Amino acid sequence: MRIVAAIGGSIIIKDYNYKKFQEYAEILGNLAKEHEIFVVVGGGRPARDYIQIVRDLDCGEAKCDDIGIEVTRINAKLLLLSLEDKAYQKVPHNFQEALEYSASGKIIVMGGTEPAHSTDAVSAILAEYVKADLLINLTSVDGMYNKDPNKYSDAELIEEITADEMLEVIKGKDVKAGTYEFFDMTAIQMIRRSALETIIVNGDNPENLVKAINGEKIGTKIVSK
Amino acid sequence: MRIVAAIGGSIIIKDYNYKKFQEYAEILGNLAKEHEIFVVVGGGRPARDYIQIVRDLDCGEAKCDDIGIEVTRINAKLLLLSLEDKAYQKVPHNFQEALEYSASGKIIVMGGTEPAHSTDAVSAILAEYVKADLLINLTSVDGMYNKDPNKYSDAELIEEITADEMLEVIKGKDVKAGTYEFFDMTAIQMIRRSALETIIVNGDNPENLVKAINGEKIGTKIVSK
Amino acid sequence: MRIVAAIGGSIIIKDYNYKKFQEYAEILGNLAKEHEIFVVVGGGRPARDYIQIVRDLDCGEAKCDDIGIEVTRINAKLLLLSLEDKAYQKVPHNFQEALEYSASGKIIVMGGTEPAHSTDAVSAILAEYVKADLLINLTSVDGMYNKDPNKYSDAELIEEITADEMLEVIKGKDVKAGTYEFFDMTAIQMIRRSALETIIVNGDNPENLVKAINGEKIGTKIVSK
Amino acid sequence: MRIVAAIGGSIIIKDYNYKKFQEYAEILGNLAKEHEIFVVVGGGRPARDYIQIVRDLDCGEAKCDDIGIEVTRINAKLLLLSLEDKAYQKVPHNFQEALEYSASGKIIVMGGTEPAHSTDAVSAILAEYVKADLLINLTSVDGMYNKDPNKYSDAELIEEITADEMLEVIKGKDVKAGTYEFFDMTAIQMIRRSALETIIVNGDNPENLVKAINGEKIGTKIVSK
Amino acid sequence: MRIVAAIGGSIIIKDYNYKKFQEYAEILGNLAKEHEIFVVVGGGRPARDYIQIVRDLDCGEAKCDDIGIEVTRINAKLLLLSLEDKAYQKVPHNFQEALEYSASGKIIVMGGTEPAHSTDAVSAILAEYVKADLLINLTSVDGMYNKDPNKYSDAELIEEITADEMLEVIKGKDVKAGTYEFFDMTAIQMIRRSALETIIVNGDNPENLVKAINGEKIGTKIVSK
Amino acid sequence: MRIVAAIGGSIIIKDYNYKKFQEYAEILGNLAKEHEIFVVVGGGRPARDYIQIVRDLDCGEAKCDDIGIEVTRINAKLLLLSLEDKAYQKVPHNFQEALEYSASGKIIVMGGTEPAHSTDAVSAILAEYVKADLLINLTSVDGMYNKDPNKYSDAELIEEITADEMLEVIKGKDVKAGTYEFFDMTAIQMIRRSALETIIVNGDNPENLVKAINGEKIGTKIVSK
């Protein structure tokens, strides 16, 4: 299978600790024996810290996005370093480069690409671009809930949702650099227009990536219809 | 003023005629004496023709976008050639390059950047990126109507609309490469998040660009509130 | 064998139809199992349409060539898309890049490189550059005739011609962007100086490429002596 | 005058605060009216945090340097953003690029270049490369002391030192990514071989940059003989 | 005026002496105050020495050209270094880059571009590409003679020749890397198709460049008709 | 094993003869069947000839280094040409590129990278960067001597030396472009900080490279302790 995995920044670079990089490197290395793997890494706290400086300097939202992208690329490089020879040792700056580098037969790891969308959107566009069989979003929650699980104790995990329904939920939310809502608009639109099979799982446990690939019931699945 | 002008492909490259390139070159050259000008050129019919091949080859929507972008860049190059020394003679492939090239003090002309958004979105992100004072969208209609003017004879031109209202109108429309609706989602989101002053005018008459810049009442104005 | 195939633009992109791309992709994909394949794609009608605009804008012949080259690269990209994973997914812009990308072991597809020579010349230089065993030129006629077959019904196909003889035929013809004569000067000079084995066949039937490679008597063969 | 200013990371990006960027931007912007300015920005704490991850992942010292360089480039970009149109809006990755970008007549800001030397060395090589009249090193101490001022209360600031003497002091110190001693070997060697006029001042007060340029007695001056 | 000057390698880098670089730098620097200057530098003896190695290694003519081009670029860089701030400090690798860099308003210096044509051809294509008013070829002889002046004492300098006549002279000559005849085919074809005003003068005396620009009767003039 | 071999310029390009390129190509090609090979090629006499021009032009030491680097890259390209398909046909300009190109599984050949260090230093940094098992320095002498063997007949070859001891020897020597002493400072510092196993052998006989790899007692070994 050709798989695109988006790993949230808050998952992989918690408190500048190297452990998650190491854990993901091991799991991705194993998966790459059987699958073609593309990874998109988010920015996490270092991105937010740097974005704050740009916002304080009053440089505008696009420039905030821009610095955030730079940080995601450093994070992506850290994962590359952890993967060693199993990965192509350069972070693609756009989708065309990701495709090119994949000719090496190695794992591809990238960060953001351009202002105006989150790394979630990047992973969805990438999945479309490389015609992935599966898009997995590794985030800090167990999936999508019918209510905010931090506020409501009776919030229930949604096991399956259509791209159309998800689009309804997301519309009207504000967009600010570094604070893109759980899957931004562009991400859902891509998932919908190309009927990408997508699973949102808790990435705090890297093993969930394997489970999702193996078809175990986990997280929230976005289906095209 | 720093101005971003988006010129629709259907406006500038009608039937492979050179005249509109020449007319726009003259007008932009004059405007550049007083203003800093960035132009984003669309794909038009050649883009649609090429996109159709990619769609027939069943390569997926992202690749359709990709070929469309290549065509917009050729169109942009044609405008560069028409502008001669008044423009920086290279088409930027992303926003960062557009900013860099603008250090030359010359007119910058670009096409698309990446899959998943139209050249309208490109112009909005660019306006945000270079902190433009004004974004002008030159399209094949006189502005935004309350109904489709091709179907309803009593359709009325909207003189002013907020980004929020416009977002409402656009939501739920389908997104397909080369057929992005009048201003796509990303475009409006950028306009809203950065309160970009935006005017939509009929670009068939290039003089409308001058009128919009001079503050004449023309087309549809998108206001932040 | 290491093979360079030049596919004329008028062959591959007739009326913006996708079929020839598909047919060539299948044949090239099969050939690549046994041979190392480099392809050079021409511009065809879209190139001529765009060149006309540049000529009307009075930008000079070198810029006409330039736009023509851009279009050949889009055509090359279409063939890349058709070939999917069998080709290296980037169009080389010069010979050095073609050689580099060939390290991937995949099919290489390029268009033009620089003003002042046709894609026929590009294919000949490329053949020399990668030390190809065979150069095949797929064109819209059955090969070289002793007279213009469109004008004279008794025109006869030349089965074999030396590079020296061919050079005599070509000398003195005018050179204009997009209208390079059947094999331009540079092409023949390269064929001669490096004694490149070259076959000109009718590319309207992609099977002729296979026949030429298999040594069947077809088209016109250019021999070094 | 053509001036290279090295601003230590610990000076400019203390606690992810934007203030020092703003202060330096104002001062550099003013200086640029009279002088040609090149700036080299260090990594500071974010660099050390990222380097620690790479060291924990056991990727070797060169890779630690590598990540540190990436962070210095983000810091350089922050300064670029603060300088707006007064700076060339791209971070050079090597000396050749720095020279090229300087053709714009704008302020150039870069970070590190390659493993094996600190941004101090980068600033010295850059000063040599662009034939700077003056190299100023803005660091977190008042200059060079005859003893460690943190340990010895009677430590005295050295007002002037030759490059030869400084080389003696530095020899034999260990080199580890991110912990390069106060001016590394390569820096001193460049200063010596090209007799670069160099001043080390406390950068915590950005005004010291102006004072050093104006020839006020401040910090430690490295003289060639 | 916009002027392209081709300086033969045998002229500028005789015996690895720096003097001619210095002399040309001074003259070009002065000319640039009034004119827009583009220079193309040849390979000379170092190019021939390196090409010989490639020929001995039996790598084919295109690779011989390739190494020769690399050497012309080093020679071009030497001239850049001599010109200091008066030139754009990067050697363009193709015509597009030459045009881009010229936005700096500085002197542009390049060497070869691609296999299959000499730096004479490069200068002619460049002249066409930038729409130069004048192309001057600085070579080791006083101009074109009706016979080889080294063999015949009664050889006479041709003061004026049409591109058509010149083409006749050149046809049929052999083409080998590094030994391109006095103006290769491609050069003449470009001169002819674009009616480029061209003067061939003895470059051993750099002052001849000034004379040719000032319209003094010197060398051989190629006229379009 | 992953091996970095530095071949001195004076070894490989003696009198513009092709033989050493051929000999090394054969030996490296054989070694590549079992080992991963990275080669760094020096500048030799052509580099010194070109550097002399730059020094005569009074462009400063960094620019002398710069031209020297350009020449090492041409020399590297000659070795690439000799190696044909066994090598990745592009000379990396920095360590990151060397690592990237190595994804091809082919031999990598590079020259210098940046001013301020010799190709010996480049080979040491590269060894650290790619985590080489062995660094071999092929030079024009049999190894390191306790005295200058050209002056003292009783000079003895040092079979083993620690990086610390070597650093002592080297300190205080002058650094000038093109005349870097036997292993420059940066080289030794990298060898020391990463405990790189290093052997210095006489490269005049390319077989010594094989002997060093096979563990035969030859040349001078630098040990970490």
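By letter and in written order, the chains are A, B, C, D, E and F; residue numbering begins at 1 in each of them.
Keep in mind that, in the parts below, contacts are C-beta pairs under 8 Å (C-beta built on N, C-alpha and C of every residue); 3 or more make two chains touch, one makes a residue touch a chain.
Keep in mind the model is a prediction, meaning the values are calculated, not measured.
> Keeping to the contact definition above, tell me which chains border both chain C and chain F.
Neighbours common to chain C and chain F are A, E.
> Please state, in steps, how far chain D lies from chain A along the shortest route of touching chains.
1
> At the place where copies chain A and chain F touch, is the share of residue numbers found on both sides over half (same) or under half (different)?
Answer different: the two copies use largely distinct residue numbers here.
> Count the touching C-beta pairs: is A-C or C-E ahead?
C-E
> So chain D and chain E are the same sequence; what rotation in degrees superposes their CA atoms, nearest 5?
Rounded to 5 degrees, the superposing rotation is 120 degrees.
> Taking each chain's centre as the mean of its C-alpha atoms, which one ends up farthest from the centre of chain F?
Centre of mass proxy via C-alpha means gives B as farthest from chain F.
> Quick one: report the Å distance separating chain C from chain D, using the average Cα coordinate of each chain.
Result: the chain centres lie 54 Å from each other.
> Distance between chain E and chain F based on Cα centroids, please, to the nearest Å.
36
> Taking each chain's centre as the mean of its CA atoms, how far is chain B from chain D in angstrom?
43
> Listing for chain A: what residues touch at least two other chains?
Within chain A, the residues that touch at least two other chains are 63, 66, 96, 104.
> Which of line, ring, star, complete or other matches the graph of chains that touch?
Its topology fits none of the listed shapes; call it other.
> Please list, in label order, each pair of chains that touches.
A-B, A-C, A-D, A-F, B-C, B-D, B-E, C-E, C-F, D-E, D-F, E-F
> Could you list, by residue number, the parts of chain E that touch chain F in their complex?
Interface residues on the chain E side: 13, 16-18, 21-22, 46, 49-50, 52-54, 56-57, 59, 63, 66-67, 70-71, 73-74, 77-78, 81-82.
> Using the touch definition from the top, list the residues of chain B that touch chain D in their complex.
Touch list, chain B to chain D: 96, 99-100, 103-104.
> What residues on chain A touch chain B, complex-wise?
Interface residues on the chain A side: 60-63, 66, 94-96, 113-117, 121, 125, 128-129, 131, 167, 171-172, 174-176, 185-186, 189-190, 193-194.
> In the complex, go through chain C and note every residue touching chain A.
Per the touch definition, chain C meets chain A at residues 88-90, 104, 106.
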